[in-house]
Amino acid sequence: MSDAVTRAIKDLVIANRILAHEGIVDAFGDISVRHPSDRTRFFLARAISPGVVMIDDIIEFGLDGAAHRNAAGPLSAERFIHAAVYEARPDVKALLHASPEDILPFGITKTPLRPMIGSVGDMGLHVPVWDIADKFGDRTDLTVSTLEQGRDLARCLGPNRVALIRGEGFIVTGRSLNDVVRLSAYIPRNGRTIVATTPFGPMLGISAGEVAARLAIDPESNAMRRGWEYWARQAGCDELLAD
Amino acid sequence: MSDAVTRAIKDLVIANRILAHEGIVDAFGDISVRHPSDRTRFFLARAISPGVVMIDDIIEFGLDGAAHRNAAGPLSAERFIHAAVYEARPDVKALLHASPEDILPFGITKTPLRPMIGSVGDMGLHVPVWDIADKFGDRTDLTVSTLEQGRDLARCLGPNRVALIRGEGFIVTGRSLNDVVRLSAYIPRNGRTIVATTPFGPMLGISAGEVAARLAIDPESNAMRRGWEYWARQAGCDELLAD
Amino acid sequence: MSDAVTRAIKDLVIANRILAHEGIVDAFGDISVRHPSDRTRFFLARAISPGVVMIDDIIEFGLDGAAHRNAAGPLSAERFIHAAVYEARPDVKALLHASPEDILPFGITKTPLRPMIGSVGDMGLHVPVWDIADKFGDRTDLTVSTLEQGRDLARCLGPNRVALIRGEGFIVTGRSLNDVVRLSAYIPRNGRTIVATTPFGPMLGISAGEVAARLAIDPESNAMRRGWEYWARQAGCDELLAD
Amino acid sequence: MSDAVTRAIKDLVIANRILAHEGIVDAFGDISVRHPSDRTRFFLARAISPGVVMIDDIIEFGLDGAAHRNAAGPLSAERFIHAAVYEARPDVKALLHASPEDILPFGITKTPLRPMIGSVGDMGLHVPVWDIADKFGDRTDLTVSTLEQGRDLARCLGPNRVALIRGEGFIVTGRSLNDVVRLSAYIPRNGRTIVATTPFGPMLGISAGEVAARLAIDPESNAMRRGWEYWARQAGCDELLAD
């Protein structure tokens, strides 16, 4: 295994632990990272809770959702979301699918999830909502469990960074694991801010120019990485941080 | 004691600890499991806080609420809820009675508790509200403390999985302890989602077909059990998980 | 020191620790207990945070707010609240003064704090609001710091169990420390329930008969004490619980 | 290094840790203290998360934002906020810049952040809102990153203690680190109280006379310092508290 692959897998474990420790995922939720040198592969844990993921739980998948290595234990149905997004979006290097509760309102009403605070400026101005019932009928169990469903969700995501899933959660894409974790940590806060502010009347969001300025920041700059290191230590990942 | 009984009792202790750790119960709240081989008996802890329940605190009860074994310490008045529901509903294998605060609004207003998110799809479309005052007058202390009251609550529950109790809490039935714990963990989240979404206007809930699809999932499948194992470890129950 | 006094002081330390651990108090807040055999005296910690109170921090006071024993360290200005309530209300054996945030709305609007859930039924139907400005003008710092102010608050409390203090918090009286701690733990929950339910429209509270039934429960019965023992263990007070 | 400087640096580390432990800052946020004997200098940590700041991370800055000593590691862009406020306001001895979420609504609507509870009476009656777009256009990334921007924010702050920053957070000034930490700990609570009370209708805030009375309290009196010592212990800073 190359050093880059080893690092990617360690970082994926850290990302799982951070997301659990920060309450972005609980028993459910899944984050993946694209293979650093083979763009047709990605890494994702087997179907266990993110808070207990270890290096040996990481499985390598192809863009059809098939497992290629280290495939012990049940696979996440949600691998089809990851496969389809990596297929459709070469720019995406990491992806979270989760259900933090403070974004749920925006998937079941007409109120859009738009950026009100600078820390989610790079979420973009538009967050589409995908409803599985639109194409797959109102008798599914709401879980994406086929590549076809994953591809439909990827189509809805389009060129955006984030898409909401009606009654279920959201997906967040990024240029790196750190990029996804940082943005995902602040989107629920942005959601709570909209809920809290609503009774006060009209509210002033981040402008298109500000969104562009946030997106122009290097996601691996010191300012954008300090959360990663702090949260990793809080989640007990000191050892995994080391090379 | 048969292996199945030993396992059921250990799992009941785990369920108590998970519910306390996840904040579904606090000093109060009570969960039971039907005897694995004798449908006229069930297990329930004596009247102590769920977070400190141990194996020796579990008592065996009959469907009249009488204690049959290991009856040291005061009994929960709430045993009559459990007895009456097991009597009325042969399909019910486990039962929680608790007061998580985020479901309380739905017991004191006309706003129904309906499923907005997939994870509570198997709650069913209809959650009845039981008001002890309707039959027993407005001078009770709101605690179910007779078999007659328990039976009236069971009648209100009818064929549903969940019933709200005005000014007090709810009961959640299931096909197993895991089934009850998992659903109970997400119902408060569903309640908070309704509260948060209300100022946004109309909201789109889970459809009847989706509810049916969720109910069709095997509650002991890997996807439905991963919460149990994760939460049990979080609550310090590693030893109790082992056979 | 008599055994009863030793026990009262230990229980007062436990009460301080529970209230801090459960978030009813933070750096501020003060709880007292009347002397078990001398009704003209009460015990209250010196002016330190409740979460770090130890046996040696407990001071004995008279009903004029003067310290009588173990008076090292600065005294709480709030001792005048305690003194005045014990003076006016011989039935009161313990008293909390604190600022849990979820009761603050009810001190600054016309919306009354009324019991919606059984666990606070013994709060009573009426909770008066005391505004220091009514008698002492609008140039105080909102802290009760004289016996005269304490007596005015006690007059407002009247025969009730709880009084709100505008812009500051509340006082909760009880028949024992356990009685005060248990009720205080659930009043914020009742406050949050009213806030959460308000957008849903009219809500159904606990009736006068139900309030009477809750008040008729022995506050030292097993059902009413299980919270005390559980919370004390959670707060690390095992040793203080022992005789 | 003088004893006063050593003490100031230790206290700055404590302040960082308290703010992280109490959730006023997370991975981001920055607090500084003016040099005790040289009013043209201040201390601020390098650009790392407040919860992991140690003595060696503290850097000395001039009022132009230039680092003077111990300048290892990347500097916070936000040093320009600190520099500009110390320049404009000789009375300010300590300053926090942070983004606690419960104050965010007040930076994006017309609803003012005004004191409703005594503990924030010394916040003052008026909290201005600074919008970076007013002077620097709507294409910034919302981060203050030049001295000119810092000075514009300081102008908006004027003689007040607190200023909100649209879509970003707030700054809180004080007469000491303890003064800033205490006030900052309670402002989010005041924000939550306004949000919670809004559906109830008109609410009664702290009067001008009460604000004046709160401001007249010595910020280093025992009553105003007990939070500092308690929170420091909670945050594991016992050793740093000692001389």
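Which chain is which? They are A, B, C and D, in the order written, and residues in each are numbered from 1.
Operating definition for what follows: contacts are C-beta pairs under 8 Å (C-beta built on N, C-alpha and C of every residue); 3 or more make two chains touch, one makes a residue touch a chain.
Since the structure is predicted, the reported quantities are computational estimates derived from the model, not experimental observations.
Peer 1: Upon optimal superposition of chain B on chain D over Cα atoms, what rotation angle is obtained, reported to the nearest 5 degrees?
Peer 2: So the copies are related by a turn of 180 degrees.
Peer 1: I want to confirm something about chain B and chain C. Since they are copies of the same sequence, is their interface symmetric in residue numbering (over half shared, so same) or not (under half, so different)?
Peer 2: different
Peer 1: Suppose each chain is reduced to the average of its Cα coordinates; what separation in Å results between chain A and chain C?
Peer 2: 46
Peer 1: Please work out the Cα centroid separation of chain A and chain B, and write it as a whole number of Å.
Peer 2: Computed value for the inter-centroid distance: 32 Å.
Peer 1: Going through chain C residue by residue, note those that touch at least 2 other chains and give them in order.
Peer 2: Those would be 199.
Peer 1: Which residues of chain B touch chain C once you look at their complex with the stated criterion?
Peer 2: Counting only chain B, the residues touching chain C are 26-28, 47-49, 51-52, 74, 77, 99, 101-102, 104-105, 108-111, 131, 133, 137-143, 166-168, 195, 198-199.
Peer 1: Under the stated contact criterion, what part of chain B meets chain A in this complex?
Peer 2: Those in contact with chain A are residues 116-119, 121, 189, 192-193, 196-197, 199-210, 212-214, 216-217, 222-223, 226-227, 229-231, 233-234.
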